[in-house]
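One structure is given below, encoded as structure tokens.
Should a chain be cited, it is by its letter among A, B and C, assigned in written order, with residues numbered from 1 in that chain.
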Amino acid sequence: MPILTLTTDFGTKDGFVGTLKGVIWSICPAAQIADISHEISPQTVLAGAFALWRAVPFFPEGTVHVAVVDPGVGTSRRPIAARLGGHTFVGPDNGLFTPMLEDAEKKGWRLEIVHLMNEKYFLRDVSRTFHGRDIFAPVAAHLANGVPLANLGPAITDPVRLSMPKPEKTADGWRAHITVIDGFGNCTTDLPAASLAECANVVFRLRGREVRGLVASYGHKQPGQLVALVDSENYIEIAIINGSAAKTLGAQVGDVVEVVTT
Amino acid sequence: MPILTLTTDFGTKDGFVGTLKGVIWSICPAAQIADISHEISPQTVLAGAFALWRAVPFFPEGTVHVAVVDPGVGTSRRPIAARLGGHTFVGPDNGLFTPMLEDAEKKGWRLEIVHLMNEKYFLRDVSRTFHGRDIFAPVAAHLANGVPLANLGPAITDPVRLSMPKPEKTADGWRAHITVIDGFGNCTTDLPAASLAECANVVFRLRGREVRGLVASYGHKQPGQLVALVDSENYIEIAIINGSAAKTLGAQVGDVVEVVTT
Amino acid sequence: MPILTLTTDFGTKDGFVGTLKGVIWSICPAAQIADISHEISPQTVLAGAFALWRAVPFFPEGTVHVAVVDPGVGTSRRPIAARLGGHTFVGPDNGLFTPMLEDAEKKGWRLEIVHLMNEKYFLRDVSRTFHGRDIFAPVAAHLANGVPLANLGPAITDPVRLSMPKPEKTADGWRAHITVIDGFGNCTTDLPAASLAECANVVFRLRGREVRGLVASYGHKQPGQLVALVDSENYIEIAIINGSAAKTLGAQVGDVVEVVTT
């Protein structure tokens, strides 16, 4: 059964997501459809990129991922589809797929990106404000049905890229950044845990607070304690046991985390 | 594969929606089920009607739509099922299906409405407070399995109807109304874009603010600007680029939008 | 088609739930997956237990239920799977399945519980913080594929149990407790409606307010009235018609409801 995923900033109140599923099942009735998130903060392309990037490795090859965080809908920004290794991505050309693209390049995967121009695979009437429904969902459903990517439009090699946060090497460690704050208030950073593999000691400083060392998991300290640990994607995360590090610290995406190693 | 949709005011915290799916899959195991919305404001039948109405055209013929915004549950209000053209609707007889019924009548579609009385298609024990689970979900699943509508109860011709908002013609244009405020804060009105097709100029006034002309889409003005545009259902919408018109203007469903054309 | 359900405290913003579905469909591509709730208050095992318990009876035999409210993730708390009658449960051994276990014992069903130790059925890399993804989802998908429970690990007979609230008999009735507050603000108690079957009159007292008698359903009183009624699981519930009893009364889970019968 073909598998599709949806990542949007639509929210779930207004029926937009249900509408996408109606469009998809009209074209590909057996599709399994997973919602990744529909609560990306409106228009925050980077947040959408991270949410999708963390989920993608757990879907099987052949999955088609639709992502719509699209402040430029109805302008000249291109609609695109990208096949990166075994996964296919459909959405606006605004950088949403940057982390998957960077991973694919690192791994030397075959990349194939097209500008969606073949209106045969769109809904008949394309609105100016809802390309998720009128272009991306139907194109994704046709891809799930096996339509070749090349049929959808001309190849492109210059997709828009976001500037992804990266940790900077400092004299005594790293300057990392908070990349994602999850619903528990855990603050993930851009520092891969592997960067600390050789260190005897490590101290993390953010928002005037200091955390010494890493704990193995949330259950290894008392509720209320501020800790650092390796998150489920193998990046360093700052958390409060059974609490919200984000709220307690007032932490925000983009905040610097100074990492001192010895 | 049979397709069903769900539109309720149940929220997603308490497991009620999952329970509906358990009931449906117990009867129709292959059903594809799309959530339209479960965040309709409690007991606001009109909001539920609009959410469903906007999604329905994007589902294939044969879809069965369950809608439960049901302040009268357990009283003498009738449970009904309505086949309107190729779509079937199941829920309380309180006006939830009015816009689909009006559309079907305009298009001259065949209408078939029944009062759900055949308890053979209900769960064995019917509670007084959760007919979504005990009546509407099982009936919908049986319909998806091909049970004829006529088996479910006697035909009726007098379903309850909501008074749907309609724009009024004025001396110099229209008096329109806000019908739906979506999660972005965009304010859709009851004025079809086609009403303005012949106008050289148009001005919209609401909440002491004025908007001149229509923009093509959100990306055609600067963030923060108040604009009017054609929404994805071809109605006039008032929006703030990358912001919330509803919050900024304090706009509410039902607000009048004065439209002056020349 | 195999059916699985998911009950977690993950929220729906971060993509964790979508990731579980990717894992499940990678192993069991035809699975139907129902979300019970992902809005269990973080780490409140009892709330998760109640949400799941209310949904389970409406799923067909053979359903596999994954539940992850797991403050002890990454510690020595055991991952388990339990087959209770025709339903199978997968999650942490922290009491999440207590009400289903108590029901199964009352009914004399066959119980089979195993400590998940066979890593062959886990994802290859198991993180310290996301066993929902790395252990529970893949194990559940293998169970849905027909893998025998006994293959997953050694049998255990001492699962952790929560102390479930129970009403206490008093001189003139019952001391009941609020067990669940739903999204409407309705307050369900632990008092089975059957306990009141023989009573001519009944008065409920909570938070300084008094309710006399039971109403048949929400539609039988005026909006704003405080009422008691039988909920959809046949327990006594305190509600405000078209309003929120929880907000109006300031009621909380665990509050005592004094029940005086004559």
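Keep this in mind: a contact is a pair of C-beta atoms (placed from the backbone, for glycine too) under 8 Å apart; a residue touches a chain by one contact, two chains touch by 3 or more.
Worth saying up front: this structure is predicted, and the values here are computed from it rather than measured.
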{"item": "Path length in steps (a step moves to a chain that is touched) from chain A to chain C", "value": "1"}
{"item": "Relative orientation of copies chain B and chain C, as a Cα rotation angle in degrees, nearest 5", "value": "120"}
{"item": "Euclidean distance of C-alpha centroids - chain A vs chain B, Å", "value": "31"}
{"item": "Shared interface positions of chain B, touching two or more other chains", "value": "12"}
{"item": "For the chain C and chain B complex, residues of the former touching the latter", "value": "1, 3, 5, 7, 12, 32, 34-40, 51-52, 54-55, 58-60, 63, 180, 182-184, 216-220, 229-232, 234, 237, 242"}
{"item": "Residues of chain B touching chain C in the complex", "value": "10-19, 21-23, 25-26, 29-30, 42-43, 71-75, 77, 127-130, 133-134"}
